[in-house]
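Across the two complexes that follow, subunit A remains constant while its partner is subunit B and subsequently subunit C.
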Partner chain A sequence: MIQAIFYKERIKTFWYSLLALLTSVGFAGYCMLRVWRVCELKGVEHLWIVMMQKDVIFVDMLQFVPLFIGLALAVVQFEPEMQRKSFKLTLHLPIRATKALCAMLLYGVAVLLVVFLPAIALMWGYLHTVLAPELWQHILLTTVPWYLAGIATYLLTAWVSLEPTWSRRIVDAIMSLMLIRLFFLTTTPEAYNGFLPHLTVLTAAFSLLSMLSLTRFRDGRQD
Partner chain B sequence: MLAIWQLPWCYNFLFAGKSVSTPFTLYSSVVGEFAMLERGEDKKMLYYDRAGNNYTEAEFDSILPMFYYRQLVTDSRFPQTICGREVTPRMIQTNNFNFRLSPSELNKPRTGLYQMLESMSGRVDLELPDDVFRLTDSGIEFVDIATNSVNVAKSESFTKMMSSKGFKFPAYRIAGNPTDRKEYDEGYVMLDAERKLYHVKMTKSRPYCRAIELPADMTPEYLYITEFPARTMLAFIIDTQGSFWVVNRPSYDVVRTGLPAINPNKESVLIMGNMFDWTVAVADRLTERYYALSAEDYSLLDTLSFQTPSRSAKGLKFLSSRDKFVKPRFE
Partner chain C sequence: MENVIECRNLTHYYGKRLIYEDLSFNVPRGRILGLLGKNGTGKTTTINILSGFLQPRSGECYILGEKIGQMNPLTRRRIGLLIEGHVQYQFMTIEQIERFYSAFYPEWKREAYYELMSRLKVAPHQKINRMSCGQRSQVALGLILAQDPEVLVLDDFSLGLDPGYRRLFVDYLREYAKAENKTVFLTSHIIQDMERLVDDCIIMDYGRILIQMPVEELLGKFRRYTGSVGDGFNPHFDATIYNPAVLRSTLEAYSMEDEQSVRAKLTAAGVQDIVAERVSLEDAFIGLTGKY
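Entry: the complex of A and B
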């Protein structure tokens, strides 16, 4: 049954997933192209010095890309079922509703990992050839909260999308915005290093919020 | 959690924006008093000292000749002697310095890579090197930027020299100012694993390492290289008790200043020094304290304090002016 749910989710999100993968890898590739261009024009020495003295990380434009990818994935995955009121059919499958929802969320998170990891791998693949470990780790660790924000945004958008009443949706959306702000408090590279374990746990905890919406949906709450 | 985070933030954003301003304050060796200037309620500048004397703008220039020497020269009012010593604008320019410390600069993420400039190139302009170094558990390791590989010969040469001087790896603390926008280079001051102080630099492509003897009762905690134009100091040190020390150059004497204990993790420090005195401003969230030190023996001449009460509401915060890390804190 879980496989059937995965299959259903795949049908809904396949083309979007492909587009998200291209976007994610495309942005990461473009950032690497900029790094390569700096090396070609001014020399690799300039790249190291700018990173060490001015704390430039060259991948700033990636900051909100995972967030929008996560947001759009949740909309693509959950909104059609909610709008067509077919989500209740999923809840009537011979499987516990919470388990069905978990499978849906798990599918979404897995898609995001498939979308994000090649981008990170691409960056590592190039950066580790031209930079010392301290410097490429400096860049990649800075991007970790951004990718976590992508997953968090997906889970929070799922929470908002599955909420059956509009008034509560607005409250949930405002709370989600506040929570997402937590991932973008500063642009200082590696500022989140010590907070990353907490941020990861918090992101995982966001998956529980969808269960609240599910409970309200099953209770028949309506505007 | 959202409420205790966002409500104080909203309050601070809306109501607690402007902090209490304090007058610009400098110690004047001419009048032996703190001199201050600020904008009055009618937007006019007020010039006065702590004793209650008011000054005109021109008089204010004259009681702070070390700060306003360029104005005095322009007005042909530059004196031949100050406090009984013959002075020239060039002497003042060479001996003036500003030094700033802030908790957020101390507590921020670092890459752990540093650049060792050539201290004795024979050229007027400094040049950035084509390698960087890292400090490991067993030595110092130079990495060639072009090839992204370790320069084994140079690494061994420096490690050997440092070890021969008694340096125990890994280093506990390192301080330097690796930029080519300065007049000269003094490399780095480092604390080794036993918190012994060393001066390390590169001269004529060769390693230079010197152990600096510390007073018996002093355990250094924070280091700052100075590289001021006068070349009379090598570094500042703050020890575990918060005492502020100066490493003189070229004698390498370590001299304790008359400043009371400083906590660089919580207090910002601004030193405006000249050949007669230093004005040291130490600020935390509630007070701004000024200390006047003698430039000769670093003894305390005078103190002044302003209250700067904070109007911001306490709550859960993830950022702080004291560091550049994101972490939850209640302040």
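Entry: the complex of A and C
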């Protein structure tokens, strides 16, 4: 039955997932192209010096890409369920509603991992050939909160999308914006290193918020 | 007879607006019960409570002996649900939706679904969002037939359907329900369809049930009375005469009392040339609830 839920989610998100993968890998690839160009024009030594002296990481343009990918995935996945309240069909399936919703969220997070990991692998694949471990780790660790923000945005958008009333949706959306802000408090590279475990736990906790929307939906809350 | 659906003392409000109070009804096994009421009397509210998508302010409902809200998820295999407007997953094709649902129902009857789909003259890979409302209704019905549930809960099944599709839906459903001894609870705003389909009816007015009885019994007892009245006639009758109204010196009233007694009451009030007629279910509904 869980596989059938995954099948339904795949039908909704297949084309978007491909687009998201291309976007994610495309942006990461473009950033690597910029690094390669610096290496070709000014040499690897220059790259190292710029990174160490000016704290440049060359992947700044990736900052909000995972966020938008996560946001759009949640919209693509959950808005069809809310159209004409067809989420009722999912809740009428002979499976616990929380289990069905967990399967839907798990699918979404898995898609995001499939979309984000190749981009990270691509960056690591190139960077570790031209940079010392400290430097490529510096870049990749700086991107971790951005990718976590992508997953967090997905989970928060799911929470907002599944909320049955518009008034509460607006409140939830404002709260989501404030929570997402936590992932972008500073642009200083590796500023989040010590906070990453907490950020990961916080991101995982956002999945529980969708359960609140589910409960409100089942109680028949209306505007 | 065993009750498959039992609702006891349901009370519900939207905000401060009372929808109904202490509503109780049962649906015995093998019966088709239609819930009739004007817009806003709580038909969809009742369906939502029965489907577990609305928590009533008070009261409780049971389907197949299990309290809704605490129902074992597997019991939902035995309950078919049609959401108002034949809502189905719009993003799926005919094939995909069949494949999806079949995973949840061990007794899934694939052939029942495809038999109905073969009448639609649509390609198996056609998406549901590109179908007409009538075609979507057949997809929804086909899925319910394939699920083969013991109980069917159908919310306004005639919404958006043209007469042909309505007739097809009603005939298919009635034949299926009777042949397989299914219990059906349904609503529709088109009462002619109900007359062909339901065994029992509940007629609701704002906040209460007016009657609950077999349709045959209702139509056997219910009469429309017309008669001539003088100018300025002001109709005042007891509660056994429903919705008396005068239009151009003609009184129209409805009653379930025996004909002799009603004629006596009307004659005593000054009504002449009294004619009593049998009525359709729609007329009985209008007679009980009024035109406004």
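Throughout what follows, the second predicted complex is superposed on the first by the 223 of 223 C-alpha atoms of A that agree within 3 Å, B and C clash if a C-alpha of one lies under 4 Å from a C-alpha of the other, contacts with A are read in each partner's own complex, and residues count from 1 in each chain.
Note that in this section a contact is a pair of C-beta atoms (placed from the backbone, for glycine too) under 8 Å apart; a residue touches a chain by one contact, two chains touch by 3 or more.
In this text the structure is predicted, and so the values were computed from the model without any measurement.
**Student:** On subunit A, do subunit B and subunit C fit together or clash when superposed?
**Tutor:** Fit: subunit B and subunit C sit side by side once superposed on subunit A.
**Student:** Name the contact category of A:M178: first (subunit B only), second (subunit C only), both, or neither.
**Tutor:** first
**Student:** State whether A:M61 touches subunit B only (first), subunit C only (second), both chains, or neither.
**Tutor:** neither
**Student:** For A:K12, decide between first (touching subunit B), second (touching subunit C), both and neither.
**Tutor:** A:K12: touches subunit C, not subunit B.
**Student:** Examine A:M52 and indicate which partner it touches, taking first as subunit B and second as subunit C; both and neither are also allowed.
**Tutor:** In the superposition, A:M52 touches subunit B alone.
**Student:** Tell me the contact category for A:V44 with respect to subunit B and subunit C: first, second, both or neither.
**Tutor:** In the superposed model, A:V44 contacts subunit B only, not subunit C.
**Student:** Tell me which partner A:L22 touches in the superposition: subunit B (first), subunit C (second), both or neither.
**Tutor:** In the superposition, A:L22 contacts neither subunit B nor subunit C.
**Student:** Quick one: is A:H92 in contact with subunit B, with subunit C, with both, or with neither? Answer first, second, both or neither.
**Tutor:** second
**Student:** If we overlay the two complexes on their shared chain A, which of subunit B and subunit C does A:E190 touch? Say first, second, both or neither.
**Tutor:** first
**Student:** Would you check which partner chain A:L117 touches, where first means subunit B only, second means subunit C only, and both and neither mean what they say?
**Tutor:** neither
**Student:** May I ask for the angle at the C-alpha centre of subunit A between those of subunit B and subunit C, rounded to a multiple of 10 degrees?
**Tutor:** 150
**Student:** For the superposed arrangement, tell me the lowest C-alpha distance between subunit B and subunit C in Å.
**Tutor:** 29
**Student:** Which residues would you name on subunit A as touching subunit B in one complex and subunit C in the other?
**Tutor:** Common interface on subunit A, subunit B vs subunit C: nothing in common.
**Student:** State the interface residues of subunit A toward subunit B in the complex, per the touch definition above.
**Tutor:** It comes out as residues 44-45, 48-49, 51-53, 129-132, 134-135, 138, 175, 178-179, 182, 185-186, 188-195, 198.
**Student:** Mind listing the subunit A positions that touch subunit C in their complex?
**Tutor:** 1, 3-4, 7-8, 11-12, 80, 83-86, 88-89, 91-97, 217-220, 222
**Student:** Which part of subunit B faces subunit A closely enough to touch in the complex?
**Tutor:** 2, 5-6, 108-109, 111-115, 128, 130, 132, 134, 143, 145-146, 148, 178-179, 318-319, 324-328
**Student:** In their shared complex, at which residues does subunit C touch subunit A?
**Tutor:** 14, 48, 51-55, 73-77, 79, 81, 83, 85, 87-92, 96, 99-101, 103-105
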